[in-house]
Structure formats: C-alpha cells, structure tokens
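In what comes next, chain A is part of two complexes: it sits with chain B in the first one and with chain C in the second one.
Up next is the complex of A and B:
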C-alpha cells in the first residue's frame, strides 16, 4: 500500500474505531431517518403516489446526512486534534479522504436501515434508485466532509454547515430523485457521476486551504 | 534557523502579537516568557505554521515533519487509548520501528501501564504526559513546547527536565513558560513578551 493510501486507511480506520466505541453518530442517524419516514408516512396523503414518496425519501436522506456531517469533525475539535493532523507530514488531503470514506460507511449503515423502512412504509425500492443513492452518497461525503471541516473551524459552525451544504446538495437531490422516478434514468445517473467526479476533485484540492490559515 | 522580523498577528480587531523580532540559530534554545495574554501561544503557533503572521516576515528552515509541537490542547483523541493515539501519529509520521519508539516513550513518561486506557479516563497530568510523548514521538529537530510543565506532578516535571536537557544542543527548542527558572540554564536566547 502506498504511503498516501496507508494514511487514508489509518485515518478512516480511526474514525470507524471511534464510532464503534462511542456509538454516537450511526445510531442517531438511523433513529432519525426512521422517525422521519414514519412522520412522512402519516403526513403524506394515501393517494400521493410513488414520486412524492421518493421526494420525501430524499428529504429524509439529505437531512440525516446533515446530522451525521455535523458530528463528523467533533472528535478532532474536542482535543485540538486537527492541529496535530495538520502538522503531520502526510498529504493533508488524506485527512479529508479518510473522513469522507468513514462518513460514507456511516451513511451506508444508516441507509441499510432507511431503505427497508421506506419499502415498508411507502413502496419497494428500484435498483436504479439504489444506484442513484450510492452515487449521491459519494457526492454528499465529498462535499459534506469539506464543508463540515470549514464549519468546525469557525464559531458559527451550526449555521455554516446547513447554509453552505444544502445549496451544494441540490444537484444531488435533482439527480437522485430523477434516477429514482424516471423510467430511463441513466442520464440522471451520469449527472451524479459527473457531480461526484467534479466535486471530489474540488474538495480534494481545496481541503488544505480550508483547514489552514 | 528562525528569523522573525517585526511579526504581528491580529485576530479580528484584536492584536495578539505586536512587533516581535528575534533570531535563533540551529540547535539554539529560546525561552519565551510573558504575562497572560502577551502572545506566547500565538507566537508559538506562528513558529510551527499553525498560523500566519498578519504583518512582518518569518523565515523558518525546517520541514513540517521535523516539527514537534506541544500546545494547550493535547492534540489526541479522547476516545482512543494512549497507545492507539501514538500508533496513529507514528503511522502519519512514518516512524521506523514505531512500536519500539512508542514503547520507550510511554515507559519514560510513566504511561506504559495506562497505555490501553482511553485518554478520556486519563487525569490532566497523564494527558499532558501523553501530549509530550506525541510531540517527541518522531524525534523532531525543531521542538516547540507551550507551557510544557502545566499539570505535571514532580515526577513528570523531572522527566521533562531530563528530556529538555537531552534536547538542548541537539535540537532547536522553543519553550514558553511561566516558570523560567526551570529551564533558564538551558536557554541560549530569551524573549520576554509584553
């Protein structure tokens, strides 16, 4: 394994270990998403149809992701650890990539709970919708890890994360809903792939400037 | 090694550091003193590259991987054990024979028995000892210690005294402290901030 990959693996593994110990983020996200789907189940009129249900699924997924992203850099903030990581001689983008991969794992676990719950309350999930969700997850983690790092560095972090992240996530919601409800949604999936590639590169390249003065 | 000319640092509208100039040669030992709020911590953060001067010039000829920094925070994860924290930093610093080095430092700073406890369960003094282990883990050539004696008991302070005596003349060292008598005999230069 190259030095960069080893750094990313060590940092992602550390986040998974912290979550296994503290069990803070994934259980909270899972409970939140199921609770939200239950609320939507009762709020949505019975004849609303599949399109409206998928729309609400995406609302639930994005806001649940926001909940997880808000906690993403808390362990680093608590002990001033980000300073220690910034001083280490590794490529600083490895810090972002490690955090993004760990967040992706948290989202996957949350969605393993959310999607069966959605199928139970609303409608069966199509394969194309699952592909769309996976692609959107990559974009959410890439952009979200960057924005939440930026938010963690400031005093108004609780405001900055939703205010910056949600506008950036709109294309993901458009692509995600499109791939979920369209009969031939391949162009929506392609759109999500392009978003992932573009914003992953931008986040990877800009992370160093976000976390250093 | 370090050349600082009229460096100043402002956070918002408040000046944290005003017009500080000094030079420190290779393997020099700079003792930084000053009252609370005089800018000691700000200066040390500038020296290690965690902040940039608002004005003035600061030249430091040392690569990032050779900096050993002890700040006010321990820079360790509270929910990892002491050993896991040092393992993580050891990997990121690509330390050869990492386990031996970590074991030696934990032993020296009296943390070997507590190595498998989470840092959250450490006392303030134990956390400071771990922070010192982390700062010295990669055998840095430029050591910057901000109030290193904080929270240490007599035994811990004695270990640190020995460590600083070993570093003096071998590495470039900058120490800020409210207890200058403890290290003044090692210092080759002194900077009093007002």
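Up next is the complex of A and C:
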C-alpha cells in the first residue's frame, strides 16, 4: 500500500511541478474566475438579492473548474506520456488519483482568489458554504479527471467535455448552493459527501478501462 | 398494445380530479419506466462487456441506450403535454421527474457525441461501457438532488400504502406498461439486427479490399 501511495504522490508531484515551472493553468483560472464575477456584477439587476449572487458564484466556480479540467490531460497527450504511464508497473487507478489530487490543488489556489473577491464584490461567505465548496471540489476532481480522460480519447475533446461534465455536476451544484444559502444545510453537506464517496469509488474502479488501449 | 388502448380509453374510470387529461398518465409513466429499463439494460451490458471483454455487448449496450434516449424524449414530450393540461404551462420546474428526465436526456445525448468522436475499437467500447455505468449511478443521485432542491407538487400515485388507483385503473396501467416493454424489446431487436448487419458488412468490405 505504501508503494501505491508513493506512486500517487509522485504523479501528483509531477503535475504540480509542471504547473510551477510553466504557470499556465492556475493563473488563467484565477483571472477567468475574477473576470466572470465582474461580468456577473453587470449581468445581475441592481435589486436582485444575495441569493442570486450565491447562485452565480457556483456558476463561476463550475465553469472555471471546467476550464482547468479541459487542460488536465494535455501535457500527457502532447508528450505521449500516457502510453508510458500505462506500461509502468503501477496500479492504473494511481494515475487517476494523482491527477485528481493535482487538480484539487489547482482548484484550491483558484478559490483562494475567487472567494475573497466574491466577498469583496457581493456578499460575505459563511463557514458552512466553504465546507460545501471543499466537498464539491472533491467531487468535481474525482468525476472530472475521469470524464476528461474519456473526452481526451476522442477527436473533439474540448467540445465533448462540458457536455459530459455538466449533467454529472448538477447534483454537486444543488448540494453546493443549498449549503451556501440554507441556514441549516447539514443535509446538503451530507448529500455532497454521499456524492463524493459514490463517484470516487466508481471513477477509481473504472479508470483503468478508460485509459488502456 | 391494442388491448392497452381499449383498456385506457373505454374501460378505466375517468379521474374525478383531472378528467380526461389523466389518460396520458397511462402513457407517460410507463414510457418513463421503460426508458429506465433501457438505461439499466445498457449499463448491465456495459458491465458485462468490462467483465468478459466480449465484443457483442458493446452494440447491445449502445442499442439499449439509444432506445432509452428515444423513450426519454417521448417522456419529456408526454410530460410536457400533461403539464400543459394540468397546470396550464408547457414546462414546470416543480416536477421532479420531468427535470430528472431533462438531466438524463442531456447526459445521454452527450453519450452519443462522446461515442462518435472516438475511433472505433476496444477503447471506445470500454469508454462507452464506463459511461453507461456512470449513468445509472447518476439517476438516483440526480433524483435525490432534485428532491433536495425544491418541494414537489407532483401527484405521488405510488405511495407506501400501495397504488392509489382502482383495480381497473391499475390493470390498465400494467397492461400499458407491458405493451410498451414489448414494443421496446421488438425495436431493440430490430435495431440490433440492423447494427450487426452493418458491422458485418463493414468487416466483409474490409476483407474484400485487403
């Protein structure tokens, strides 16, 4: 098991180091999410309340995550690394877990920019909402790493990924918005945990079939 | 199918509350249930494909999901008509089942786009199978999510105390569902035969060309 954890850590570290050197995805995501929030300021009518702003925050977060997921497997594909990884003597699900953890780190950095910006522009964010966002991030990374690997196998990957991802993300958005808006939102958080567990197990078990030729 | 039509329109009592528009219930609900059966079959065939690696399950899974999507579209249409008759709007977000079907319909539309974008081969078969499995996991989760997101005003007919219908209405409902299941099975077989012939023809052509 320690071998498995070491594989996962090595794969995640590879993605983080690539990003630290190239600085491509995370700055783009951070700028994009702030730009989206500014657009929403103009899109919202002046008399619409805070609840609408919370809803739009989730739209911004999901679409920004989509931006990052679209780039998730690009380095592997361009370098032809995927064949090497599949041949490497490690469990294939470790590739998925490493990618998910790296994407989770990217999302965390992006949201460290987005949430203060949202609090500054629109409305304060409660602790419960932050727990909801973290739980939703786990689900987004788990499912997103799987479906972006699926979409990357096709010719029209940038086109197909949002189509596949958004219906799958609807339960996450429901749980997330519920936890941001409701005063007693513990059942929304519970629902997010359920989603994370179910889809993580499913993605973990099925990733091997997606990636092998 | 004919027996079902007779039962629906001439034998079953007219609903006191909703009148004639309640008749569409005998189509709408069985169509929806049939499409769940199709999606379930598609996922089951996908699981068998991953388990055994037998190539024939790919076409079976694809055909089942294709039929399921057609019936899903029919569910949306009949549900919309029913909503117009009962609530005077073509679309109401308060109806959980219809919203669920909209989500599923979008999800399975993406299935076809994903599938056609990948080169034919064992990888496409496996990705399609995994996608079908994600679909059946998504059905209950989305349903729960939609329930959580709002209160519901849909008339819940099947409660814990058994169906809230008379025996005659229930019989008509079951006959109608059985007829639709038979229909979908026949359509499934026909489409499967067509698709198999197609792929055999392609293999033959390649053999002749080579």
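Please note the rule applied: the second predicted complex is superposed on the first by the 212 of 213 C-alpha atoms of A that agree within 3 Å, B and C clash if a C-alpha of one lies under 4 Å from a C-alpha of the other, contacts with A are read in each partner's own complex, and residues count from 1 in each chain.
Here, a contact is a pair of C-beta atoms (placed from the backbone, for glycine too) under 8 Å apart; a residue touches a chain by one contact, two chains touch by 3 or more.
Since this is a predicted model, take the numbers as computed values, not measurements.
When the two structures are aligned on the shared chain, A:156 is found in touch with chain C, with no touch to chain B.
Greater residue coverage of chain A by touch, when chain B is weighed against chain C, goes to C. Touch criterion not met for A:32: it reaches neither chain B nor chain C.
Of the two partner chains placed by the overlay, only chain B lies in contact with A:3; chain C stays clear of it.
Once chain A of one complex is fitted onto chain A of the other, the partner contacts of A:191 are limited to chain C, with no touch recorded for chain B. In the superposition on chain A, contact is made by A:88 with chain B only, not with chain C. By the document's definition of touching, neither partner reaches A:54: not chain B, not chain C. Contact with chain C, but none with chain B, is seen for A:178 once the two complexes are overlaid on the shared chain.
In the superposition on chain A, chain A positions 213 are in contact with chain B in one complex as well as with chain C in the other.
By the touch criterion given at the top, residues 48-52, 63-65, 67, 69, 71-80, 84, 88-89, 91-94, 118-119, 134 of chain B touch chain A in their complex.
Of all residues in chain C, only 50, 103-104, 106-107, 109-110, 113-114, 117-119, 121-124, 126-127, 129-131, 133-134, 137-138, 141-142, 144-146, 148-149 touch chain A in the complex they form.
Within the complex, the chain A residues that touch chain B are 3, 6-7, 10-11, 14, 17-18, 21-22, 75, 78-81, 83-90, 213.
The part of chain A that touches chain C in the complex is made up of residues 143, 146-147, 150-151, 153-157, 159-160, 163-164, 166-168, 170-171, 174-175, 177-178, 187-188, 191, 194-195, 198-199, 202, 206, 209-210, 212-213.
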